[in-house]
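In what comes next, chain A is part of two complexes: it sits with chain B in the first one and with chain C in the second one.
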Partner chain A sequence: MIGRFLGSRGWRRFRRGRLAMASLAVIGVYFVAAVAVTLGAVSREDTKMRVGPNRLPGFLERINAEKRYDFNKWYVGELSGVFGRAQRAGDEAAAREMLGAFALAERRMSGAAPSELFPVYETMEKAWGELDDALAMREDLADERFVLRAEAAEQRASGADASATEARLREVEERLSEIRPRVEELYREVERAIEVLLPMPEGLRGLVYRLRIGLGTDSKGASISSQAVYSVKIAFQVGFVTALLAVLIGTILGASAAFFGGWVDHVVLWVVSTLSSIPYLVLMAVFVYVFQAPSLAKWFDNPDRPGLGLVPLYAAFGLTFWIGTCRVIRGEVMKIKELEYVQAATALGFGRFSILLRHIIPNTAHIMFINFSLLFIGAIKSEVILTFLGLGVKGQPSWGIMISHGADGVTNFFFWEVGAATVFMFVLVLAFNIVSDALQDAFDPKHV
Partner chain B sequence: MWAYVIRKLVYNIPVYLGIILLTMAALRVRDPVAGYLGKNATQSQIDRLTEDMGLDDPFIVQYGRFLWQIVRFDFSEESWAQPGRSVRSILIDSIPPSMSITLPQVAASAMIAMVIALISAYFRGRLVDRVLVFLAVLGMSISYLVYIVFGQFFGAFLPQHLDLKVQPFAIQGYLPWLTEPRNWLTYCLLPVMIGVIVALGFDTRFYRAVMVEESSRDYIVTATAKGASKPKIMFVHMLKNAMIPIITRIMATLPFLITGSILLEVYFNIPGMGRQLITALVANDFPVIQAFVSVLALLFILSIILTDVLYALVDPRVRLS
Partner chain C sequence: MALLEVRNLVKHFPVRGGLLNRVQGSVHAVNGVSFDIKRGETLGVVGESGCGKSTLGKTVIRLHEPTSGSIRLEGQDITSLGPREMMPFRRKMQIIFQDPYSSLNPRLTINGHIREAVRFHGVADAGSIDDCVDDILLKVGLRPEAKHKYPHEFSGGQRQRIGIARALSVRPELVVADEPVSALDVSIQAQVLNLLTDLKQEFGLTMMFISHDLKVIEHFCDRILVMYLGYVVEELHAEDLDEQARHPYTRALLGANPVDDPDERRPLTVLQGDVPSPYEPPSGCPFVTRCPLAMVRCRQEMPPLEPKEPDGHPAACWAVEPKSAPAD
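On to the complex of A and B.
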C-alpha cells in the first residue's frame, strides 16, 4: 500500500514542493534524534543529573551582577561542603576519594593532590568572605550617598550652608570608586579558584559538558538541553502511537460503516456522534482519569516499567482522535464504493472483504496519511495541555513538563526552560503543519 | 421548519443517553469511593459513602436515577472534595465566569478573523495573502500554553513589575461582574485576548478557504461579467454567501470554547466550569465529575442542534434533505 502510495501522481506533485520536502527533512532529523534517544544517546539520568547552579542561563545571555553573585555563591557553597568533609577525613586517600566523588556531569574535581587543593580552597573561602564584606560596605555607601545627595540638594535649595555635606559626599564617592575595582578583583579571584578546583573539561568531554549547559539549567540544576532532546522521543512516542491507533480504528470503522451499511453503519454513527458530543478535552481528561486508576497503577505507574507510563495517554488520545478520521473515511468510501472498478471487482466474483481490503482501503491512503500527520500534531499539542493540567506525562521529561515547570521561571525573568521546549516543539509542529498542507494540496487539489 | 427541529431533537436523544451511559460506565471502571478515600480508609467508611451515593445499587437503577436527576436538574448531592457545597451550586456558580471569557472570545475572534480572511482573499495568491497564510500556520504551531505563559508575563506581570502607569490587566483571579464591573473587566480582558490570538490562526485559514471557494462560484463570474467592481463583489456578493459556513463555524466553536477555556481558567485562576472539572478530576470528586461531564455534553449537544437549526434557517436546502 505504501509502495503504491509512493508511486502515485499526488506523491510526485508533493515531491515538487520545496518547502514541503524541507519540512520532511526536518521531521527526519527529529526522528533520528528520537531513535538516538531510544538507543541511549540521552538517558533519563542525564535529564535529572545536576550539571550546574540552578537556573543557569543559556549560551547567549550575559550574566548580570546579581546572578554572578548567586552562581559564585552556589559554587562556593558546594565546594566548601565537599572540602569541609574532606578536611575532617584527615587521611589523604580518604580526602582524595571524597573530592573525586564530587562531579557536575563531566565537570569533575581537579585531579591534583588534596594537599595542593586545600590552599586554593582556603584562598577562595577567604576571598569570598572579603567579597561579602566589600559588597555589604558598597551597599551601605551607596545608601549613604543617596541620603547625602538629597540632603545637599535640600540645603542648597533653602540657601543653607551645604559645604560640610558636600565634603562628606565627596569622601563617600571616593571610597565607592575605590571599592568597585576591589569587588571585581575579588570576584576574579574566586572565579579563578573555582576554575582550578573544578576545571572545565577538555576535548570531547568538554564539548559534551558545554552541550549540556548550552541551554542553561532548570530550577534543580538539571540540563535543559538534555530534557528538550529527551522529550523528542516522548513526543514521537505519543504522536506516533496515538496517530497510528486513531487512524487504524478510524479507517477500519469508517470503511466498514460505509461499505457494509445497515446496522454496522448505524452503530458506528451512533458511537461517533456520542463521542463527538463530549468536548474532546473533557473526553481525553476523563479517559486519562479512568486509565490512571489506582488498580491499574501497578502497570502504568511503575518505575520498573517506564515504557508503560504513557499507556493512559495513548489510550485516551487514541480513543478520542479516531472520530474525525472515521467521518472522513466513511464519506470517501461512500464515494469509492459506487465507482466502476468496485463494480468490476464485484462482477468478477471477489469477496466483500477482499474488495474492501484490496481495492477500497488502499485508495483512501492519502486521507490516512493526511490524518496521521494532523493527529500527530494534535497529540503533541494535547500532551502539553494535559500535562499542565496534571493528567499527562509523569516522571519523565516532556515538553509539557518543561513548559509547566518553566512557567514559574518566566516570572523571574528566566525564559530558557519554556523557550527551549517551545522552540523544539514549534519547529516540529510547524514542519508537520506544512507537510499536511502540502499533502492536502497534492492529493486533493479541489479542497481549498 | 418545526418538523426539522423536532427531528433533530429526537435524533439526539439516543446520543445523549449514550453519553450518560458511557460517562457513568467509564467513571465506575475505577472504584470512585476507594480512589477518593485512599488506602487508609476503613471498610465502614467505604460502605457508608458507597451507600450515600447509591453506588451499591444495580447499574441500571443508578442509570435511571441519574437520568431523572438530569431531567429535573437536581444535583443536590454534596461534593466530596468541597464539603458543604452541593454539586448544583458549584455548577451554577461556575457558569458566569466561564461565559464571561467564552462569549467575548467567540465574538472578537470571529470578527477579527473574518477581516483578515477578507483581506487575504482579496489579495489572493499575492504576497500579502501568502504572508498572512504563513503567519496563520506559524501561529497554529505554537502551543496554547506558551501563549498563556508569555501573554500573562508581558501583559500583566511586566507592567506591574516595571510599575508602569497603565496596568490594564490583572495577573490572575476573578470578580463577579455584577458587583464590580471594572475589576471584572481587568480580570477578563487578558484571558479573552489570549484566547482570541490563539483562535486566529485556525479561524483565518478556515474563513479564507471558505471565501476562496466561494469566489470560484458561477454567480461571481456573472457579477464580474456585468461589470461590478471587485470590492463590491467581495463585500456584497461574496460575503453574504460566505456567511453560511462562517456562521456554522462560529456556532460550532461555541461548545469547544467551553473546553478551550479550561486552560485559561486553570492558569488565570478563574472559577469557571473547566477549572472546577479539572479540580474535581484531580481530587477524585466523583459527584462533581459525573454531573459536569453530563451537563457539558448537554450544552454541547444543544449548541450543535442550534447550529443545525440556524443553518437550516439560512439555507433552506438543508431542511429538505
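On to the complex of A and C.
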C-alpha cells in the first residue's frame, strides 16, 4: 500500500515541489515533537514547574534596568525564604536537606556545605540591602537634581544670584556619578552570590535548562517553551483524531447517500443541509457545552481522568467537520457509480457492498486524503479558538490557553507567551496549508 | 431454440423534478423491441446517437431494469430475477464497453480485474487461477507479465483488450459489445475487430454488437437491427444490407456512408433536422419528422414491423410495399 503510494504519479508530482517538501519536513519535525511529548520528553509537570522569575523574557531580548531589579529581587526573595527556613531548622543536616530541596528545574542549589553557603547568602542579603539604599538614594538625588536645575534656570532668568544653587547642583551631580558605579558593583555582587548559590547547570542539564527558559516564562514563572512544545501534542491529538473521525463519518455517509440513493440520500442530505446552515463555531460550542452537563462532566471534565479531557473536543469537531467531506464524497461517488467499470462489476454479478468497497471507495481515496489534511489544520485552528474562549482544552497546556493567558502580558510589552503560541501554530498551519495545496494539485484526477 | 429471446422490451427512464420531486414524465429509451439471437450468431444493432441501442444492450443483460417485456436466456425468463437468482446468468452474459478509459478501475491491477471475476464465478479452481488469467491474457494478445500493471500504463487498444479479457474470462455464452471499437483509432479498430472475430470462433460466442458504424456492422455481423428513437425500424441479414434495405432511415444511413471510390458519384440523401427528443416522441411513425417519404398516414399511425417486398425481411414503414401473401 505505502510502496504503491510512493511509486504513484501523484506522489512523484508532489515530490517535485520544493516548498511542499520543505513544508512536509516541517510537519515531520512537529510530528517528532508530538511523539516525543507523548513518550514523556515534556511532561505535564514540566509545563507547570517554576523555572525562573515571572515573565522572564526569552532569547534576544536584553534585560533592562527595571527588569534587572525585579528579577534579582525575586531571586533574593526566594533565596532568603529558603535560607530563613534552613536557619530555623537548627541542625546542619536538616539545613542541608532543606537547601538541597530547592531547585528551579535543572538549576539546583549549590551542593556545597550549608556552612559555606550561609556566608554567601549573608553577603548577598547585605549587598541587596545596600543596593536598595543606594537605589533609593539615587532616586532622591535625581529628584533633587531636577528641582535644582529648574531653580537655577529660574534664578538665572530673573537675574538673581544662582551660584549657591549651582554649587549644590554640582555636588548632587558628583554624588550621583559616584552612586552609579556603586549600584553596578552591588548588582554584580548580588548576581555573583546568586550564581554561587544557584549555579547555572553545566553540560546537558545546562542545555535543557537553557531550552526551558529559552522562550521566557509566563506569569507564574513556568516555561513557555515547554508549554508550546507540549501543545504540539495536544494539537496533533486533536487534529488527527478529529480529522480521522470526520473523514470516516463523511465518507461512510456521503458514499452511502450517493450509492444507495432514495431515502438514505434524503436523510443524509437533510442532515448535511441543516448542520451546514449553522455557523460551525456555534455548532462546535454547542456540542462542547453538551459535554459540560453534570452527568457528562464528571467523566470528561475531571482531573482524575486527564485522558478523557479531550473527548468533548473530538466529539464536537468530529460531528461538525464531516459535513464538507460528506458533500464532496457524495458528489464523487455519484460520478463513479455510473462509470463503466462499476457496470462491469455489476454485470459480473458482484454484490452492491463489495462494489462499494472494492471499486468505489478506493477511488475516492485522493479526496479523503486531501480532506484529511485540510481538516487536520481546521481542527487545530478551531481548538485554539475554542480554548481561547474557555471552551476547549482544560487542565493541560494548549496554544489557545497560552494566548488567552498571555493576552494581558501583551499590554505590558511582554510578547513571549502569545508570540510563542502564535508562531508555533502559524508555522504548523502554514506548512499544512502548503502541503494540502500541493496534494490537491498532485492528486487531482483531472491532472492524472 | 434461440439463445436469447427478447419480446416487447420497454425501458423508460423516469424524469423527476418540481417542488416535490415527482415523476414528471419519462424518457422512452427502448419501446417494445423484440428479437432473437441464435447460438453462435452475431446480431448487429445500429442507429445514431441516442436511439437507445446501448440502453437496449444494457437492459438485455439486466444492467438496467426493464420497464416491461420479457428476456429469456436459454429458454428461461430472466426479466425479473432477483440478484441471487441472477447469479448463474450473470456469468453467461457479459459486456464489453465503449470507453476503454472508464471501463477499468484505476486502482486495480489487470490481475485484480480478471482474477476477481474468475474466482467469483469459480471458473478455475484455486490452484489454477493464475494460469487461467495468463491464458486469457495471451488469448487477447497481451503478455501475461503485464498483469501486474495498472490500467493507466496501457494504451487505449490494450485497455480494450483487457476489457475483452475480463468479459471472456468467465466463459460467457452471450457477449454484448457496446460500441467496442468506436473510441479507438482506425488502425486499432481493425486489430480489435480481428481479435473479436478470432475469439468468437474460439469460444463459440454469441454476440450482440452495438455500433453506429454501418461498415463495421456489415463486416462483423450476421443479422442487423436498425434502431431509431427506441424502435426497431428494420431487421435484415448483413449481406442484404446494401441491396435490400427498404426503410428510408436505413437508406439514409447507407447514403451517409463514405464510399472507397473517389470517382463514384451518387445522389446524397441527407437527413434534415435532429432526432426528436425521446422525452416527447412524435405521434405516429417516430421517423416522420425527418422522413423524405412521409405521408399523412405516417403522422397518425405507427407502422408495424412487418415483412416487406421483395425478400420478406421486416421493416416498419407505410411507404414500403408489404410482401404480399404467397400466391398458391
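Simple rule for what comes next: the second predicted complex is superposed on the first by the 436 of 448 C-alpha atoms of A that agree within 3 Å, B and C clash if a C-alpha of one lies under 4 Å from a C-alpha of the other, contacts with A are read in each partner's own complex, and residues count from 1 in each chain.
FYI, a residue touches a chain if its C-beta (ideal position, glycine included) is under 8 Å from a C-beta of that chain, and two chains touch if they have at least 3 such contacts.
Values in this document were obtained by computation on a predicted structure and should not be read as measured data.
In the superposed model, A:Q343 lies in contact with chain C only, and not with chain B.
By the touch criterion defined above, A:A365 reaches chain C but does not reach chain B.
When the two complexes are overlaid on their common chain A, residue A:A25 makes contact with neither chain B nor chain C.
Touched residues of chain A, counted separately for chain B and chain C, are more numerous for B. Contact with neither chain B nor chain C is seen for A:A142 once the two complexes are overlaid on the shared chain.
Legend: residue contacts after superposition of the two complexes on their common chain; A:L357 is shown touching neither chain B nor chain C.
Contacts of A:S273 after superposition on the shared chain: chain B is touched, whereas chain C is not.
Once the two complexes are overlaid on the shared chain, A:G390 sits against chain B while remaining clear of chain C.
Residues 448 of chain A touch chain B in one complex and chain C in the other.
Across the complex, chain A meets chain C through its residues 9, 339-341, 343-344, 346-351, 358-359, 362-363, 365, 448.
For chain C in complex with chain A, the touching residues are 58, 61, 63, 83, 86-87, 90-91, 93-95, 97-99, 102-108, 116-117, 120-121, 152, 163, 166-167, 170.
Interface residues of chain B facing chain A in the complex, by the touch rule stated above, are 12, 14-16, 18-19, 22-23, 26-27, 29-31, 34-35, 137-138, 140-146, 149-150, 153, 157, 209, 212-213, 255-256, 258-260, 262-263, 266-267, 277-278, 281-282, 289, 293, 296-297, 300-301, 304.
Listing the residues of chain A that touch chain B in their complex gives 270-271, 273-275, 277-282, 285-287, 289-290, 293-296, 381, 384-385, 388-391, 399-400, 403-404, 406-407, 410-411, 418, 422, 425-426, 429-430, 433-434, 437, 448.
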